[in-house]
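Order as written gives the chain letters A, B and C; numbering starts at 1 within each chain.
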């Protein structure tokens, strides 16, 4: 199957020959499953379209922005993530059981799935490659500060870091702290500050000066 | 695969061959290694040091009760009596198999092995299947070697995590009364001294 | 199983390398592999726990060198073959060679949005009571099943604290083995970094897992 070359940082990029091998294999399975009537072409296309274009971190950004401006929503979100997020129309696959984790000046949350790639699709879309790869999965639980350093982040030594390994069907999203200098901003404008990584716990939201 | 697995191996092998040759050339040219020494190292472990050494130790233990006692008391010196000693055998412990107890030796972390008495380890000993399963499922491993021990036999697995090296002394096969050491040594297999096998029986030798 | 996927705390993989402006899919085949996995799951009738086990169940040296969607796809092929929905010679030929097996349901385009939005909730009704409550000290069992489990090796045998009682949820160890949902009480259990990694560990770090009751013992 795959070569056992040591490509170092390139390990997840395939050779030309592997690329065409995978193309052939996926095409073969797709052809057979279609011919046997096990799948429908339009359903396949719809699945791809949904996760490429429709569901993504913008959903989670809206949740966070609302929590920043609306204290009642924030409270609800932290008590019952599934229901609060569901009220905004987000939920379903990999989002049936959502838990929101609040970052504070003393506490930083980070989410990982060491065993595979569990991720809150309903609010963040499909996970990025780094989240699913061995360096993050192996190190987040052992050396979260080292991982944050890879993201260019250093937290004060006395900040508690809570790492959450998503071993069950609960899906976690981090509610980062609201950036300073955003008083009176609309939810929509605030959502522009909320990065995907800040909702995983490997980044911070943008600050006002980052937006133009 | 887009191309044959064997082509892949040949390509890899020649790449490695080239790299090894390149390094040997450079080290020799710089005077860091002596080519004659390299040849001797290879010859030593290809032809001189091997499981035939351990087989003699075991055969002697089978016939000479006083030697057997010395071997289990302090194996390094007992083995040195026969002229076997040195690298990767500076601290040897002999493990006695009995009808109630079977010993098996592994190095889960790499490939530690008692070179002076067994030579260099076979590929299976150094590979992931043995290293991962010997400590978790020794009976399953023995099955891979075609061996089933009675359910109540204690199996002791020894993970060689330090510089202590272990030599299993298998039980003497029945029907060998009066045999001399040389003939007995022919029954002692390498695998029986690792604990992944049993000695041959008289009918296996001609 | 103690497979190549259970890598929490394993060393040697190098730094985390985020890709700027990463596309959702890196190639056409990845898109197909993704969609085929979801759609074939409906026809094949397997559950997500079986899917995960099929992915974990690669030889570790292959798992660790395969890309993410290569693992998904290899697992898909394995599950389709296991259920005799597709055969090796059909895969080699790239076309159907024998008649399809009847399946109870397939995913239609019109269903996609609804099915995705409904998802797959795992909480179940129960008359049993949880054995533990928040604040209880528990020990993760030393267990090494060869079948699917969600108790990572790095916490087994370690002492933690119940952070929260989550609810009664489908138990993957049973569900993956085709032994039924067997729902069990699920908890978030938090471990101190020092407990997991030793005296030199960062004192500011704690790690939690979500663990079902059969994984835990009172401490």
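Here are some notes:
Just so we're on the same page, a residue touches a chain if its C-beta (ideal position, glycine included) is under 8 Å from a C-beta of that chain, and two chains touch if they have at least 3 such contacts.
The shown structure was predicted, so the numbers you read here are calculated from the model rather than taken from an experiment.
In this assembly, the chain whose C-alpha centre lies farthest from chain C is B.
Distance from per-chain Cα centroids to the pooled protein Cα centroid is smallest for C. Centre-to-centre separation of chain A and chain C, using mean CA positions: 17 Å. Mean C-alpha position of chain A lies 50 Å from that of chain B. Per-chain Cα centroids separate chain B from chain C by 40 Å.
Shared contact sites, meaning residues of chain C that touch two or more other chains, fall at 61.
Among the residues of chain B, none is in touch with two or more other chains. Residue positions 1, 3 of chain A each touch two or more of the other chains.
Every residue of chain A that touches chain C in the complex is listed here, in rising order: 1-4, 8-9, 11-12, 14, 19, 22-33, 35-40, 42-48, 50-52, 55-56, 91-97, 114-117, 122, 125-126, 128-130, 132-139, 141-145, 147, 150-151, 157-170, 197, 202. Chain C meets chain A in the complex at residues 5-11, 13-19, 22, 24-29, 31-36, 38-40, 43-44, 52, 55-56, 61-62, 64-70, 73-74, 76-77, 80, 85-86, 90-96, 100, 103, 106-109, 111-113, 115-123, 150-152, 154, 166, 169-170, 172, 186, 188, 190, 196-197, 202, 204-212. Listed in rising order, the residues of chain B touching chain C in the complex are 128, 136. Those residues of chain C lying in contact with chain B across their complex are 2, 60-61, 144.
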